[in-house]
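First, the structure itself, so that you have it in front of you.
When the chains are written out, they are named A, B, C and D in that same order, and each has its own residue count from 1.
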Amino acid sequence: MAKIDINSDLGEGFGAYKMGDDDAILAIVTSANVACGFHAGDPLVMARTCERARELGVSIGAHPGFADLQGFGRRPIPMSDAEIEAMVAYQIGALMGIAARAGTRVAHVKPHGALYNIAESDAGVAAALARAVKAVDPQLIFMAAVGSEMVPAAERLGLRVAQEAFADRTYTDDGRLVSRKLPGAVIRDAAVARDHVVRMVGEQALYSLGGRRIPGRIDTLCVHGDEPTAVAVAAAVKAGLLEAGFTVAALTI
Amino acid sequence: MAKIDINSDLGEGFGAYKMGDDDAILAIVTSANVACGFHAGDPLVMARTCERARELGVSIGAHPGFADLQGFGRRPIPMSDAEIEAMVAYQIGALMGIAARAGTRVAHVKPHGALYNIAESDAGVAAALARAVKAVDPQLIFMAAVGSEMVPAAERLGLRVAQEAFADRTYTDDGRLVSRKLPGAVIRDAAVARDHVVRMVGEQALYSLGGRRIPGRIDTLCVHGDEPTAVAVAAAVKAGLLEAGFTVAALTI
Amino acid sequence: MAKIDINSDLGEGFGAYKMGDDDAILAIVTSANVACGFHAGDPLVMARTCERARELGVSIGAHPGFADLQGFGRRPIPMSDAEIEAMVAYQIGALMGIAARAGTRVAHVKPHGALYNIAESDAGVAAALARAVKAVDPQLIFMAAVGSEMVPAAERLGLRVAQEAFADRTYTDDGRLVSRKLPGAVIRDAAVARDHVVRMVGEQALYSLGGRRIPGRIDTLCVHGDEPTAVAVAAAVKAGLLEAGFTVAALTI
Amino acid sequence: MAKIDINSDLGEGFGAYKMGDDDAILAIVTSANVACGFHAGDPLVMARTCERARELGVSIGAHPGFADLQGFGRRPIPMSDAEIEAMVAYQIGALMGIAARAGTRVAHVKPHGALYNIAESDAGVAAALARAVKAVDPQLIFMAAVGSEMVPAAERLGLRVAQEAFADRTYTDDGRLVSRKLPGAVIRDAAVARDHVVRMVGEQALYSLGGRRIPGRIDTLCVHGDEPTAVAVAAAVKAGLLEAGFTVAALTI
């Protein structure tokens, strides 16, 4: 596989609050996951993010999360599957409205934070997410953690799936993300991230903190924008992939 | 003109909070303006309102308002035109996502509360609203106060416009709504509302509290659901129109 | 024990949204647990509730909950003990500000919804609540579920504790509330509630749905205001207690 | 007058969002105006700000604003005087709860943003603020713009008043703050701010952008923390005042 997408979570400011260096990250990535106003983002932030992404040729995706600005969408909020489905359909649609006004369109959906974490292993929630995506637009690509419950949930509904590995996060031996609360969860050394990523994409396998090799398709790599080291890590990852001969481009699944 | 639409603002609950008797009103009206989660409504309330409207054959519209749940969208929040435009595009899109999931679609847009009141006389805000509607979907019908700035703003962009009179609210001699803070603003007597409406629709003119006749096209009548007398008023208005020979049906502009 | 307090959760409206028939309940109870703006309530609703309670001689307590208006404080939000402590100190203080302006004062604290449910069995959360109460005002009475972890947590800090049974809710054999999601959780028959309560207060013991007797001190009885049957249940409970010879009066622990 | 207080608006983060360099500013100022969770701040941010202020011997004040996180309290929200009064009593009380838990106490109140701006010239709102302060604790110092309507409103109720000038903002010829939307509103040059401040405090008079001298008592100087230049400006202002022979200390009115 010679082609890889690089995605990042963007548009996470709110009113007077800033989050991350979106301009720097947008200049590197090929897909932008835009916060939809529930865990972060507001209509004006979303509009500016879509406009800037369009100018830079970056593909846009919805990044729906729990309605929890104070917790930044990182706290699980107990909800029924029907409520999750409605909440996600709402957020995808909202970004579509904003994207249309910005002269662009939503190409993919990637759940955020606790919603993503739950859907990795909860088949019911994963199916609710997939149903929401399909209902709003069956052409949307579902961005899912490598080997997670999201993959079969989306495939079962005939959705296109892009499997995602994290460039700046580490994995457990089960192929799940190490919790942000634990040491070693975030990779802040650009060279380490680059080598980690080139190896994973080249081999189409995750490597855990414990050194375990977990085979899995990797269509897209996530880099974050909210760490001080994020831009340097993202740039190194992209440069490493290009040097290793990969084509870095938006998803065309 | 033998045909008239009856619309109502619905889906204005939030979480455990109820507002109005939606089921009773949905059985009467031909168009439902669904709150989009900013001044009222949440994804689950919106979903249920869309599902029920679809079952009853009621046409659905977006009812965007200021992000002010505490003030129920009735307080003007100072915002730039660009921010209003983004905020409205967001809300229309959000309801489209919810409606798609409910197996129906958004047919019109009617601004709520303070946003509506401002756009009646502020051409800049009216134009921002019209731009948002057109950007998201140029086929959407813009529901606008009879003779307000919203009408030329929408027409200038080539949008279809439905002019609206209020069945249960009174007018000033300038053809504007009497403020809810003033006595006599709301008509709670079903027979009074019925006669008022049949006369206005028949003559295609508003009649002010002071007795002034203000000619204007009337495509749709608004009845409210949040007064204790609302259902009786709405039912009487509809019965009166049918008796007077009008066809009551959703907009087909 | 010849004396019993009757408490109810009040002031749970928000902006244009109403919840329960506060005036009817305030005429019955001796203690009002006032929502503090996080799970319900806003400053104006709180102010009116405190003013009305003062007029009617009803004792006031803070009713802090999770910052979750959409979920009405009934969803557990994962938070550290320190955050819970700060959140509760904030809400107690906020009501103190409102009560001072209304010419009255806060006499007790009772956690709301999911926060209450968690603290029933989580000693860490119960201790965080007790620390918040003591820090803000060590004279405040901590209202705690009969036999729950809240009781020793508050006693350990030297706080006065009022143990609470529910007049309109049923109990499991472990002495915990039956979940609202299960059938039989709420008692809506006034005569059933009255007899249940008179027996429990007379014997100073809970009786579970399964008929099990669970001895425990009962200082106060909770009646709810948000069920259609709530006012009738509350009135019957009070009348039953008075007929059985108990004095119904605010806490004087 | 040989003594002057330096105050700053602090604790304006929210959840994962940061605002300003509080630690650097806390090391300079003598009074901290702590956001109370409506326009900014949350219980944990407030708690940490109070704890840090106590450690550094910085006096604490409540900084109540409109319930408008998205607009950072800078947008006027139409509210009745009674609602403003309740809203401010709530926020002062909330900070008192947090401060008590942090082992310190609230010494003053300074309204934030649009609430402050309105109260400068609206005697009714100024009186509502003063009533709220007095009701919660008549010992609180009311921090008011030099020569504004807040001063007589607070004095009429017997409150202690500290008149405030801004170190990093410019004035109109009427002695009002130049709007942030206009060029020249914010002073970002540390030397300019220092000289401006030393002159104003020394002469006990404001100097407008247009060069007009407006006599007025100056008890405290506000420096902001949310401009990139804020810390340098604040440090220069303090150093300039000390060099000019003033004592920089918290209010003791």
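The rule is short, and it goes like this: contacts are C-beta pairs under 8 Å (C-beta built on N, C-alpha and C of every residue); 3 or more make two chains touch, one makes a residue touch a chain.
Everything quoted here is computed from the prediction, not taken from an experiment.
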Selected pair, out of A-C, B-D or B-C, that shares over half of its residue contact pairs with A-D: B-C
Higher-contact pair (C-beta pairs counted), A-B versus B-C: A-B
Rounded Å distance, chain A centre to chain C centre (Cα mean): 43
Whole-Å separation of chain centres (CA-atom averages), chain B against chain C: 41
Interface hub residues of chain C, defined as touching at least two other chains: 70-71
Touching residues (chain side chain A, partner chain B) in the complex: 37, 43-44, 46-47, 82-83, 85-87, 89-98, 100-101, 131-132, 135-137
Of chain C, residues touching chain A in the complex: 67-68, 70-71, 75-79
Contact set on chain D toward chain A in their complex: 14-19, 42, 69-72, 74, 226
